[in-house]
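Would you mind keeping the following structure in view while I ask a few things?
Letters A, B, C, D, E and F name the chains as they come in the text, with residue numbers starting at 1 for each one.
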Amino acid sequence: MFPKNQMGKAAMLLVLSGEGAEQDRLLKTLDESGFAVALGRVGTMDSQKIVAAVETAAKKHGIISSERYREEHALYHAIMEALMGVGRGVVSFGAQLRTVGLRFSIVRGRPYAAPDEGEWIAVAFYGTIGAPVKGWEHEALGFGINHI
Amino acid sequence: MFPKNQMGKAAMLLVLSGEGAEQDRLLKTLDESGFAVALGRVGTMDSQKIVAAVETAAKKHGIISSERYREEHALYHAIMEALMGVGRGVVSFGAQLRTVGLRFSIVRGRPYAAPDEGEWIAVAFYGTIGAPVKGWEHEALGFGINHI
Amino acid sequence: MFPKNQMGKAAMLLVLSGEGAEQDRLLKTLDESGFAVALGRVGTMDSQKIVAAVETAAKKHGIISSERYREEHALYHAIMEALMGVGRGVVSFGAQLRTVGLRFSIVRGRPYAAPDEGEWIAVAFYGTIGAPVKGWEHEALGFGINHI
Amino acid sequence: MFPKNQMGKAAMLLVLSGEGAEQDRLLKTLDESGFAVALGRVGTMDSQKIVAAVETAAKKHGIISSERYREEHALYHAIMEALMGVGRGVVSFGAQLRTVGLRFSIVRGRPYAAPDEGEWIAVAFYGTIGAPVKGWEHEALGFGINHI
Amino acid sequence: MFPKNQMGKAAMLLVLSGEGAEQDRLLKTLDESGFAVALGRVGTMDSQKIVAAVETAAKKHGIISSERYREEHALYHAIMEALMGVGRGVVSFGAQLRTVGLRFSIVRGRPYAAPDEGEWIAVAFYGTIGAPVKGWEHEALGFGINHI
Amino acid sequence: MFPKNQMGKAAMLLVLSGEGAEQDRLLKTLDESGFAVALGRVGTMDSQKIVAAVETAAKKHGIISSERYREEHALYHAIMEALMGVGRGVVSFGAQLRTVGLRFSIVRGRPYAAPDEGEWIAVAFYGTIGAPVKGWEHEALGFGINHI
């Protein structure tokens, strides 16, 4: 079982590991531990496309309901917080002439022992940020978590 | 060998893994791959203590020179960027009545194949942020990288 | 008479009340108390359209002179401050995939008893911010004030 | 009945009206409409005291549970958003040599018709911000809302 | 005569030149051109001391009236804007373990040909920002201007 | 010889002086003192064009290598810091309906006596920011410096 109170760590490990046996093992453990997971990728200079990509993946994989604003609101703020880490204080990229290539994960579940603490949703990004020139980039990552 | 261009991933994996066999293996691989590493912990409401803790650990373990402002300047901006991820756009905590408990790693080395790209320094944080009440906290992480 | 030192409260009440008898009464009292008022609406994902809508309304209703940069400068900073409340620290919306629907008021007058304190200008917004999906939104408001 | 989807407007009207018959009528209507309300005041240069004052009032009046981090987390982010409006992009005051005197309201309830959208919590501030000199201040207000 | 529309340039040249013949010549020209000027210095980790130092100098040299909040409000926002340049997006220093040593100038006058555009006030800072270690610092500067 | 530790002052003086004899003298002294310099101009509402203009000028005049990401990274962060001064906490302009007209300078060299402190790069902007209306603008400036 994956430790309940480390769902954020799980979200980050999923994007760090990339596709392969390690990620598959982690996905299996998270599934057995009651966490729902969605994964995706996005490359853009346009921050609103990142928001759209994560929200679309979350709805498509049933992580959040397509019928409930409340869940979108929770996810949206988790995305914004994670983008603050990627952009280090800025949540737009093209206006600063930067482009990003990111893997992302969304994890939903119960990180606290007390049932009353309910469900939370975490978003993690890992990839690169840089000039619009191939190879002129460095690693970037971000993480956000919210009650849902 | 650890992939050159994933020193940021290495820094984050070090803080996610915590003390133990996994971290030891990673430390050994990074050492063999030519990366210098320092690890530490800090718990505080006072963001300047986080800066001081990371800088002290970096000097003590010889990651940066105690004689050269240039290196402190590179590390300082990497710390600030990583704190932006922890605080999600804010780099102070006490003024917002939040307390943090963080593990940190500092990794120095050459992430690019071209020798001209020189050395870079990465800082990663992983831990919790929350109210000054035991258990009223959630995970937080941050990452910054800079040329040195 | 409306209390001099509550022109900001007046600006906010105007946007909260919406069109109708209550707003009309307030407009009459403000007029009798020597305050100039303009009202308007704007719905957009594009923050520069909000700035343009407020500035156009202010000029059209003679709240600021179309001939004087000084007055536009005072109004501009009041608008920026009010948008900080709407966006809660961010003054752009489309880049974050958010859309806003806002009523706004502009009030100009003398909030201080001492004649030397001169005229001030207040801007208030009230409406909704949310995803570009009907009904997926919550209330938002903002307020700025500046000497003119 | 107070319109469900205007609980933020209600929160702001409560702080704008101040103590008296108007506020009492509004409190009664909100109570009948199923909203829970707490009111308070705080004057300080120290932003963490504002957070503490609002959280204490919310717990004391049973607006949030003292046993549940989830609820404190929802309230905390609503407070931070509301402080962004007061400080217009900054959530600390003393470091900028400003002092604030604020009334605040906390409203909890169901702003959406669909039962699935659940409970939300709103925080509103109204008062003054200025130099630490009596009368050298202008009005300020802020508003935040979050699902709970 | 100093060109009217370059009072900001004048403010910056005053802090760049430091004490001496060049500064004296500039002060004389500004005086003859109808600009009022105050100069000062401040070294601290505490941003509120910078605000206090500039405001005190402005009042002592009669650049702003000690009796009028309006003028303090205009100066205060010019100081905040200038500190944004010094801190590059942050207006506090000690919380980031940085110390500053700054010369400052305050210039008041009429930068526009049209008399209606009235008086404006500019603040300029030049000096160093760095670690609390002698010599571990680099240059920093900032500039703000406002109508008064 | 220009004082080593004032390369930032040099960068700012270059943009303040504008074309002419004074700038020529300064350019000559900087050249003799071992500093490399590039100058340029940009007018736009689009912050990414400012970044592109400065980077292009730096490469064209050989201030940074076109082959080395490391150097572009150093310059990029210096530009971002300088734009923080121009926008006073915001690094985009069009979204706020502002347009800028800026002269810029880039200076590269050794500001510290100790050879180990190596090369640094400074960026300075001076010009105007304002409404998209001729003459409705005021002065703005910004400065950033980084090790390279």
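List of remarks:
Just so it is clear, a contact is a pair of C-beta atoms (placed from the backbone, for glycine too) under 8 Å apart; a residue touches a chain by one contact, two chains touch by 3 or more.
Each chain and its UniProt protein: A, B, C, D, E, F = Hut operon positive regulatory protein.
The structure displayed is predicted, hence computed values, not measured ones.
In summary, the chains found to touch both chain A and chain C are D, F. Shared contact partners of chain B and chain E, listed by label: D, F. Compared on C-beta pairs in contact, B-F and A-B come out with A-B as the pair having more.
Rotation relating chain A to chain E, from a C-alpha superposition: 180°, rounded in steps of 5.
Mean C-alpha positions place chain D and chain E at a centre distance of 36 Å. We define each chain's centre as the mean of its Cα atoms; on that basis chain B and chain C are separated by 44 Å.
The distance from the centre of chain E to the centre of chain F, each centre being the mean of the chain's C-alpha atoms, comes to 21 Å. For chain A, the set of residues touching two or more other chains reads 69, 73, 80, 89, 92, 95, 112, 135, 138.
An unclassified topology is adopted by the chain contact network, corresponding to no line, ring, star or complete arrangement.
Every pair of chains in contact is given here: A-B, A-C, A-D, A-F, B-D, B-E, B-F, C-D, C-E, C-F, D-E, E-F. Against chain A, the residues of chain B that register as touching in their complex are 5-9, 12-13, 16, 80-81, 84-85, 88-89, 111-112, 120, 122, 126, 135, 138-145.
Across the complex, chain D is touched by residues 65, 67-70, 73-74, 77, 112, 114, 116-118, 146-148 of chain A.
Across the complex, chain A meets chain F through its residues 90, 92, 94-97, 130-131, 133, 135-138. Contact residues on chain A toward chain C in their complex (touch as defined above): 46-48, 51-52, 55, 69, 72-73, 76, 80, 91-92, 95.
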